[in-house]
Structure formats: C-alpha cells, structure tokens
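Data block below; observations after.
For reference, chains read A, B, C and D in written order, and residue numbers begin at 1 within each chain.
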Amino acid sequence: MTVLESMAPPTGGRFGDFGGRYVPESLVPACAALETAFREAWADATFHERLAELRSVYAGRPTALTPATTLSADLGITLMLKREDLAHTGSHKINNVLGQALLAQRMGKTRLIAETGAGQHGVATATAAALFGMRATIYMGERDMARQRLNVFRMELLGAEVIPVTAGSRTLKDATNEAMRGWVAAVEEAHFCLGSAAGPHPYPWLVRQFQRVIGEEARAQAAVQPDVVVACVGGGSNAAGTFAGFVDTRARLVGVEAAGGAAMTHGRPGIVHGYRSMLLQDEQGQILEAESISAGLDYPGIGPEHAHLGALGRAEYVTVTDDEAVAALGRLARAEGIICALESAHAVAWVLRAAGTPELPAGSTVLLTLSGRGDKDMATLAGVTE
Amino acid sequence: MTVLESMAPPTGGRFGDFGGRYVPESLVPACAALETAFREAWADATFHERLAELRSVYAGRPTALTPATTLSADLGITLMLKREDLAHTGSHKINNVLGQALLAQRMGKTRLIAETGAGQHGVATATAAALFGMRATIYMGERDMARQRLNVFRMELLGAEVIPVTAGSRTLKDATNEAMRGWVAAVEEAHFCLGSAAGPHPYPWLVRQFQRVIGEEARAQAAVQPDVVVACVGGGSNAAGTFAGFVDTRARLVGVEAAGGAAMTHGRPGIVHGYRSMLLQDEQGQILEAESISAGLDYPGIGPEHAHLGALGRAEYVTVTDDEAVAALGRLARAEGIICALESAHAVAWVLRAAGTPELPAGSTVLLTLSGRGDKDMATLAGVTE
Amino acid sequence: MKRLYPYLTGGITEDWTDYLLAYQEAGADAIEIGLPFSDPMLDGTTIQQASDRALRRGTTVDAILADLAAVRDRISVPLFAMTYANLVFRDGPEVFCRRLAEAGVSGLIVPDVPVDEADGLSAAAEAAGVDLVLLAAPVTPPERLAEIAARSRGFVYAVSVLGTTGERDELAGTAAPLAARIKAVTDLPVLIGFGISRPEHATAAARAGDGVVVASALMRRVLDGATPGELLDDVAALRAAVDQADQEVPADHAHAEVSGDRG
Amino acid sequence: MKRLYPYLTGGITEDWTDYLLAYQEAGADAIEIGLPFSDPMLDGTTIQQASDRALRRGTTVDAILADLAAVRDRISVPLFAMTYANLVFRDGPEVFCRRLAEAGVSGLIVPDVPVDEADGLSAAAEAAGVDLVLLAAPVTPPERLAEIAARSRGFVYAVSVLGTTGERDELAGTAAPLAARIKAVTDLPVLIGFGISRPEHATAAARAGDGVVVASALMRRVLDGATPGELLDDVAALRAAVDQADQEVPADHAHAEVSGDRG
C-alpha cells in the first residue's frame, strides 16, 4: 500500500497491519452503523456545510498560524505554530467532537459517552453535548480527576456526568475500558464519542478525518511549505490531523511521544481498546501503565495509522521526557507569550533539542501543532516548579 | 456635543464633563508624550498593518460571532455572542495590550507596568511583554491574587514579576494606585499599560480605540443589525470597544455593572486614578471598596466615556447580582456549551432577566460581548456551588 | 440435559485448581477458565477484580496452563479458556492454541475477537483441535447471527444482555429471544451467559437455551473468601436449578415466561 | 532665611493638634496638614499608612478643620492643606476653599491636580484667599515649568524625585537642578519635598532651594508612637539643619555639591 492510499478510507478498517475492530459482538453493529453513517455524512455536502459553519461561528476556526519569531531567531530555524490552543474549549479535541456530535445527531442518538485523560476531550464532549442538547457521560480515571480538577469542574458545569474510574492505573487507559463498557450497556441510545485516532474501526479513520482540518488549514496558511511537520502524540489525533495535510508533500513528519508513554518507541504490536497497534506491554502481553506528567499523553497505545506510517517509514516517532516538556513550556511562554498544554510542550521540546543538529538542521522550516493551551496544567506545573 | 463627537478623539481629554488628566506633575509629560505617540501611530498605516497582523496571526482575530441558538429559542429573542473568550489569553484584554505594546515599542520603552484585577489584563500584559521582549511588572491586590491563583502562575510563567499589593482593600483599586506609583518611579523607561478605558487622558480614548475592533468586527459579522448591544462593565473597556461599533446606529447600548461595583447606578461624580467619572464614594468623598464575586468588575469607578454616554442617555447602565451572574454562567454553559468569565456572565444575566419584559421585548435582536472565558473562575465557582 | 458451565478466573488463589475440582464435583458439564488480562473490556467489576487479584499474585498464562496440566488427569469435564485478544495474539494464535491444547483445554472464547476478525484465529484453533466459541448478542442482526452460528465451534455463546459481565437482579428480557434466534439457525448447543446471578435465573435461562454460563456470581464468592467446599455448594445449587428446567414445560412456554421480565 | 515646612496627617491621633503646636514650637515656618484620602496615589507606604490610620479613626475633613479652628489662636505659622482632588471637588472647589479659609488654612496643595486641570480650582482658591501651590517635577519641560511657576501661589513645590513620598537614603540628584530651574523663572520661594529623610538631606536641599518640606520621616515617627515632645526634638534638629544652609556658601556651590550625588 502506498502512503497516499494509507490515508484513504481504510479497507476493512486496516492501516497496513494495524487497526481493525476488536470489540465485543454487542458493539459490532454499532461500529458498523457508525461507519455507514460516517461514509454517508462525509459524502453529503450539507454535512460538510454544517460542520464548516460550526467550526467557524462556534469553535473559532480557522485557528491562527503564528510565526514563533523569537524562538526561530534563537534556534536558527523558521518555526510556525498552528494554534489549536485558540480553539474553543482550549484544544484540538473540539474538532473531532463537533464532527462526531453532528454525526450522532444524524443517527438519532441522544447521548454522548466519552473517555478522557487530560479532561480536554471530556470538556469538548460535554460542550458539544450541551450545544446539541444531548446527555453526556464522561469516564475519567480517578488519578486524572485529581490532576485535572479544573476540567472536572468544567464538565460538570456543562451539565455532563463525570464518572470516576477506579480500576487499574486510574488513568486514560482504564477510563477507555470503562467508557466502552458503558457504551455496551447503552449502545442503542448513545454514541461513543471517542477522543483520539484510536479505538475500533471506523474511529481512527473518522477521527483523523475530523482532525485533518488542522493540517489542511496550516498548509493553506503557511507562506513557505514546511520541511518538517511536528506534533505530539497521545492517541495520535492531533498528529494524524496535522500529518493528513502534509502526507502528500516531501515534508518529514515527526510525532513526539512522552518518554513514559512511547508506544512507538518502546511498544510492540498488540490489541487493546478495539484496535491493533503498537502498545506498551509486558512479556506476558499485559498492558503497561504509561507514566507521563501530561495526562493527555499518559496512554500506552497509539492510533493504528501512526503504527502504519511508522512501519512505512513515512513518519518518525521520537520521545521527550517530563523535564524537557516542562522546560519547553516555560521557554515558549517567555519567548512567544504562549502558554501551551503540557502535551503540546512535548512537540516544542523536540524542536528545542533537535534544532541545529542533524536531526533538524539549521535553516529548516518547521510547522508545529500546538494542540492545546496550558491553563489546565497550571496546578501540575506549580507542583513541579515549587 | 453630539454622541458621534463624543466618540472622536476627546478635546482636552474630556468626554463631556468627564475624563481629564488628574495625575501628579511627574506623570504629565509621560501622558502627553503617550498622547502624541498614539495620535501619530493611529495616523500611520504601518502601525495599523502591524496591529492587524498581530491580531490575526497571533491573537486569533477575528473572534467568532456565535448565534446562541438554544437560549434564543428559550428566551424568544435572537441572541448573538461576540466571542472574546476565544481570543489569545482568554479575554478582550489582549486587544488593548497588543496595541499598547506596539506603541511602547515605538516609543522606545523597555518595560511594561500594569495593574490587574482578575488577572486577565496582567496575563495579557505579561504575554505582550514576552512577545516583544520587554520586562513586565504587574501589580495585583493580595486578595485578587488569592482568588485568581491560576492567573498569577500564568504571569510568572510568562516571565513577569507580580507584585502583591497589600494596601486598602487589596483589590484592583489599590493595585491601580500602586501601579501608578510604580510608573512615577520608572516613567522614563516604562510604559504604563493600563487595562481598561479609564485612567488619565489619553488612556480612556486610546484603550477604546484599541478595543473598538470588537464592535467593528461584530457589526460586520452580524447578519441582522442588533436592536440591543450588551456588555459587562468593569472599567468599561470591552463595553466601550463594543459600543464603538454601534454608537452611530439605532441600537440601544446597555452596560451591565456588578451590583456591588455599580459606579453608574450607585456612584457620584468624582476623581480617582487620574480621571473624573462616576465613582463609588462615601459622604466624605472617600472611595468605597467594590464588592463583586468577579474580580474584573470589583472596581469602584468606570471609564469617563461611559459616564458621558450615560449622562447623554445614549447608553443605559444596569446592575446584576453575584447570584444572578453565577446562575447565568451555568445556564449559558448548559445551553450553548460556552463557559464564560464571571464578568461576562453579568451581561448574560441581564439578558436572561430582561428578555420578554418591556426592558427587552420578545423578538429583539441582541448582540452580547462575551468578554472572556471562565477557566480562571472555576475555583471561585467551585467555592460558591459546593 | 441442560448444561451448566461455571467460570473461574485462573490463578485467583494459590490453590485455584481446587475450585475446578469442586465445580466438577458439584456437577459442572464444562468449566470456563479465565486467563486474566489487564484490560478486560467486556467484564464488570467482579471479574475485573478477580483478574486484578490474579495478576497481582503474579499469575501468567503459562503458570495457569502449567497448573492445569498438573490436575489434568483428575478433570474429566471439558475446559474452555476465556481471555482477550492481546494474550491470544501475543505470540501468534497458532502458538497460543497449541499451548491450550497441550494443557488439556479444548475450547476458547475471546470476547474482543468478533467473527469478522476471527479468520486467523479460527484456523489456528481448528489446527490445534481447539473449539473457537463465538458470541452472539441481542443486537446481532439475522444474517450475521447465521454466520456466527455457522463459524462457532463447541457451542454458541448467547450474551444475554447489552452490558458487561456482572450480577443483575433479573435475567435480561433479551436473553430468551436471542437464544431462540440462535437455536433457529444452528444445531450447536446455545449457552446463555452474562448476569446469571441466582438459581432462578439459571432455571429460566436454561429453559430458553441449552444451558448457562455463570461467572460473576461465583467469582464474587471466591473474592469474598469462600472455600472450594463452599463453592461446591453454590455450584450444586445452580446444578439443581438448571436441572429443574429439564423437568418442565416446552420451550415455547419458557420463552414467554422469561420474556415476561421485559415489561 | 531658609524655610522648614514639616507635614502632619490631620486626625492621625485624637490629640493630633498637639503635634502642630510642637512643630511650631520647634521652629516650623509653616505646616502642611494632610487631609487623608483613601487613594493617595502619590504617597509612599508611610503616608498611606498614616492616612489609613486617620481614616480608620473616623477622621473627616470637617473634623480636622474643626480641630484646627479650636487651636487657631495658638498657631501663628501659616497652614497649608495637602490632599487629593476628589476631596476638593466633592462639594465643589469654592465650598472647599471657603471652608479651608474659615478654619485658618491659608494654602492648598493637590498633587493630582496639575496645572492643566487647575483653572476652576485656582479661581476658587483665589476668591477664598487661599494660596494654591502647584508642583513641579524633574521631568517638567521648561515652558510648562514657567507656566507652573507663574500660576503657583505661596510657593512652588519642587518634587525632588521621580517617585512617591517616602524616605530615601540619599537626596535625589534631581532635586537641586530642578530647584535651580524653578528659581530661574520665579521670585516665589521654592520648597523642595519628597524624600527629605535626614538632617543632612535638609541642609543640602535648603541650600539648593528656599527650604524643605519633610513628611514621611516625621510621620514614620508618629506612626511608631513618638510623642509630640519627641517630634519637637525631631523638627528642632531639622530646623538646625536647615539653618545651617543659611550660614554657608553661595547657591552655586551648594548646587554643585548636591548634584554630585548623581554620579
């Protein structure tokens, strides 16, 4: 399969060797119905119009493309920032959620179920549910709830029910299991609004399609086409959406994982949460807990399209430590007046580290997606820096 | 003076009976130099180009105009929301600060001094200082620092020095005094980046000119011209900027004050912080402490242009209680999926209360400026609702 | 004869195979053995806790299979392994199925491998002589149900309810209609599982299908510290309840009774 | 003769007028009386605290003026009121100035009413026979300085420093040049204030101008609980320091000495 084909609607839900639909029989018809509905919607001009309208009048799109003037001068590169931190609710998650909510409405669903790690996807889902007059049930690991109290409060304010997940590591991985269980029990009325380019087919594809607006906007906005395109990777949705705009160019695609959640770098193929991809797992095949300061990257898997792009060599995946991310967040804030999310700071950290080395030669033009804003992380950072 | 004239550069720094330049002699030359620099800049196409560029590639302008579909249906009106919550740093304050920082740079200043209440203006100033490579010194009342810890941390992360003010009520009023004192001591190298349409001439005029982009964008974006234009009023900058776009139309202009900081409704003419306007004061002429749950409206004065518009009858000023604002914030969140700032919630609360009454008849078209997003207020709200 | 397939999480205690022997002694027709996985998507709280406990004890698939091999000659009923895809595909389905067979396990249930994803696994299971049991759910459409029934081996697992494993107050109204639909398209036995929590549920479900799988209700007891001897009594009670279904009424009537729960 | 104008916050204690009498006895040429305002923009911490304390005691302009009227016949030196615009404009400048005059106050200093905003107030003060003292600052440009000097009455207040009131370790280098610039355009006395914290500052400043205003250094003592008798000694020491400037050198030399602080 060529790279371009790999970006097309996946046959049988596969990106090369990855993807698939490894779900309980109870969910198969729902996944199939979702796939059909999405194919129909995606072929329907009215759907695209409504989505475009929501994006612009509600979510604040297009988001800006900001030249990082000071950092560019300091690093000897040309760095452009795609500003998903400016999107409504504070991250790229809203792009996906608005698309899925429109789809859910089209399918006659009255309720959205979602998992959340950092809480950004939960807030985005609660937001879309409020906007569409739907119920929202958000599953969130207890540990993440403690780390991201602000977002829990926001979800509740938006009228969502936030269900604490006490199983396992009490983070995103466990919240995902629990959300899928919740979906099994409510599959007729509820749409599972998955938050990343992961999960069973059609999610990885569908989520990337809803996120490709990032890459497509950036490509149209950039005065100079980038040599390198960088984004952080948790489940992989902001990266997939960004890469989608550049996969048919000569730009290098770089996904930055948290060192403690680096499925591409430290994982092996496996199956969890309904899809086959690279996974952090032990010798026995038990899924490992990721360990990252950033709740949104604290996930042992990665979307199957990334596993495929990695296998093809079309994209590279690198890792950044907690300390590097924290330092990068501060440096970006002081240099450009932008406080990004800890997740996004991983992408920044790689650029800071690589610029001027053979990894990222001086003179390069770099497009970096700032996936979200940092307000949610201030408490965590205050804890680290004090 | 006609209303239209009142919007032109004020003669002698007056809006009718209000305004002026009641500052120590040490500051008079700086105010005069600022006025000159601003007049020159405002007449300079390059300045406008640079400002327009910053607004669009950096600050996320134009901000969306969102139809509040659910609330409109519930209230029997057509409600449109001007989304300053989507602007970089989370409120309209960035509009003013980018303009002033450009001006300060033009004047060769190397440092920005600012007062802040809610912290939004402090964050915006720290942001602009980082972007322009200037030092920033932000004065903030100790009580506000406790209420808005998130914003204190953001300012520090951006490299600003935050100076706690322990005098008086330890809120915005005292921070303003202290910032002016700080300016007196550093007037040659520092620009005082005042955060609202208040203070000595040329600030009320200059700030309104930098904020008029709100009203002008909204006017261009609105499919139907509004019958009523509503904004919350602290010092009055978001309202002044909004009204500026509509003052020459037939639209009613409504400014919403916090009941505990209602200079127009409960104040009398007086002089503080360098300008003459309506002020909360006691029988003796001592300035009263305002009392509002929203730090940004917790201010005993109001910009002189509002005092003038009120005296002319061109704008109306109404009040909203803490409880109404908290309830309105929740209702907007659940109805439209937008968590606005507590300040902005005052404007929403008035619409909720007035809609369908003779104050705001059914069928009206209403444009409301949501001046900022609510993230900063979650801790306060959690305290109230728990 | 109606069937009773009780479930046990492998490695839940040091002497976990004693429970197997107790189940067998109490009249189990076959036993389902859970190979614990860190992320058991289709399991409710009880089985999650059982899996967690077993894993925290350090259990592995190898250890469980070794324990089984050790008691193999004392066990005469068929054993089915129940686990999740990642463990099955870890070293490839061929290796996995062969190891099952070597340990005397004759069937395999993998809830997150639906029929569409089952090709490779089916072939591997067949090659190893292991029955790959497929699951059908109340929402499974007719054509698909026929395919599942056709490709399932050993029996067809009727998931009684839209939901996870776990105890429930009533047998779901969806159980009997699903069993009936499956029985209409296959001659394989149809076992009803999920939420069979009390003897009366077992009776009702056994009436509707060919037998029942009982998991959470038993595992809660094990988690609470009940001994193999106590579990023997529990399984015996279930045995009696299942047998009762045999002594009664035609399937049609049973169906009506069960679906009466729906109203 | 060089002048000494010490400052006192009106109503700072119950018996605050005792300090006035002590100042007079120690040789003050005139006394500045602060009418406390809630938001004293140009004052440093000491005067802010003094204002706060006086206001918390319940002081009002009326009460201060009534206290003054009561000691009026025992005070022979001129009194200047120092306060902020809001108190002056509260009931209109005419009413305010008349009340000052009635209480025996003969001058008025309003730091937040610069010359551009002074029209109405000037007229009202003149009508009431009150001297409106204007302030000049180191950054005041020449033309403006001439206007200030021309419109000031009683004396011209030279603000020694870019900063608020408050004690400083050294007399600002900007003090003497400013005083010289003012003296060049007026025959009015030029008094230097802000940051005159020690007798040696007073000597140096008095050399450069026609005298000094001392505020924070005295008010800190009052805030710390010093008695009128103790303040008498402080003011006497300042008196001596100021007088020393008289016994010396021509103004030119003094100027050079003070501006030496700059380097």
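One rule holds in what follows: a contact is a pair of C-beta atoms (placed from the backbone, for glycine too) under 8 Å apart; a residue touches a chain by one contact, two chains touch by 3 or more.
Because the structure is a prediction, the values reported are computed rather than measured.
**Student:** If every chain is reduced to the average of its C-alpha atoms, which one ends up farthest from chain D?
**Tutor:** C
**Student:** Please tell me the distance, in whole Å, between the geometric centres of chain C and chain D computed from their C-alpha atoms.
**Tutor:** Here chain C and chain D have centroids separated by 95 Å.
**Student:** At what distance in angstrom does the C-alpha mean of chain D lie from that of chain A?
**Tutor:** Here the centre of chain D sits 66 Å away from the centre of chain A.
**Student:** Take the average of all CA coordinates in chain A, do the same for chain C, and state the distance between these two points in whole angstrom.
**Tutor:** 37
**Student:** Considering chain B alone, which of its residues make contact with at least two other chains?
**Tutor:** Not one residue of chain B touches more than one other chain, so the list is empty.
**Student:** Could you list the positions in chain D whose residues touch two or more of the other chains?
**Tutor:** If we look for residues of chain D contacting two or more partner chains, we find none.
**Student:** By the document's touch definition, which label belongs to this structure's chain graph: line, ring, star, complete, or other?
**Tutor:** Line.
**Student:** Among the chains present, which pairs are found to touch?
**Tutor:** Here the touching chain pairs work out to A-B, A-C, B-D.
**Student:** Give the list of chain B residues in touch with chain D in this complex.
**Tutor:** Residue positions touching the partner: 12, 20-26, 28-30, 167-168, 173-174, 177, 180-181, 184-188, 269-274, 276, 279, 281, 284-287.
**Student:** Quick one: which bits of chain C touch chain A in the complex? Just the residue numbers, please.
**Tutor:** Interface residues on the chain C side: 37-44, 48, 52, 55, 60-61, 84-87, 89-90, 111-117, 134-141, 144, 148, 159, 162-164.
**Student:** Going by the contact rule at the top, pick out the chain A residues touching chain B in the complex.
**Tutor:** 56-60, 63-67, 70, 83, 86-88, 90, 126-131, 133, 150, 153-154, 157-159, 329-330, 333-339, 374-376, 378-379, 381-382
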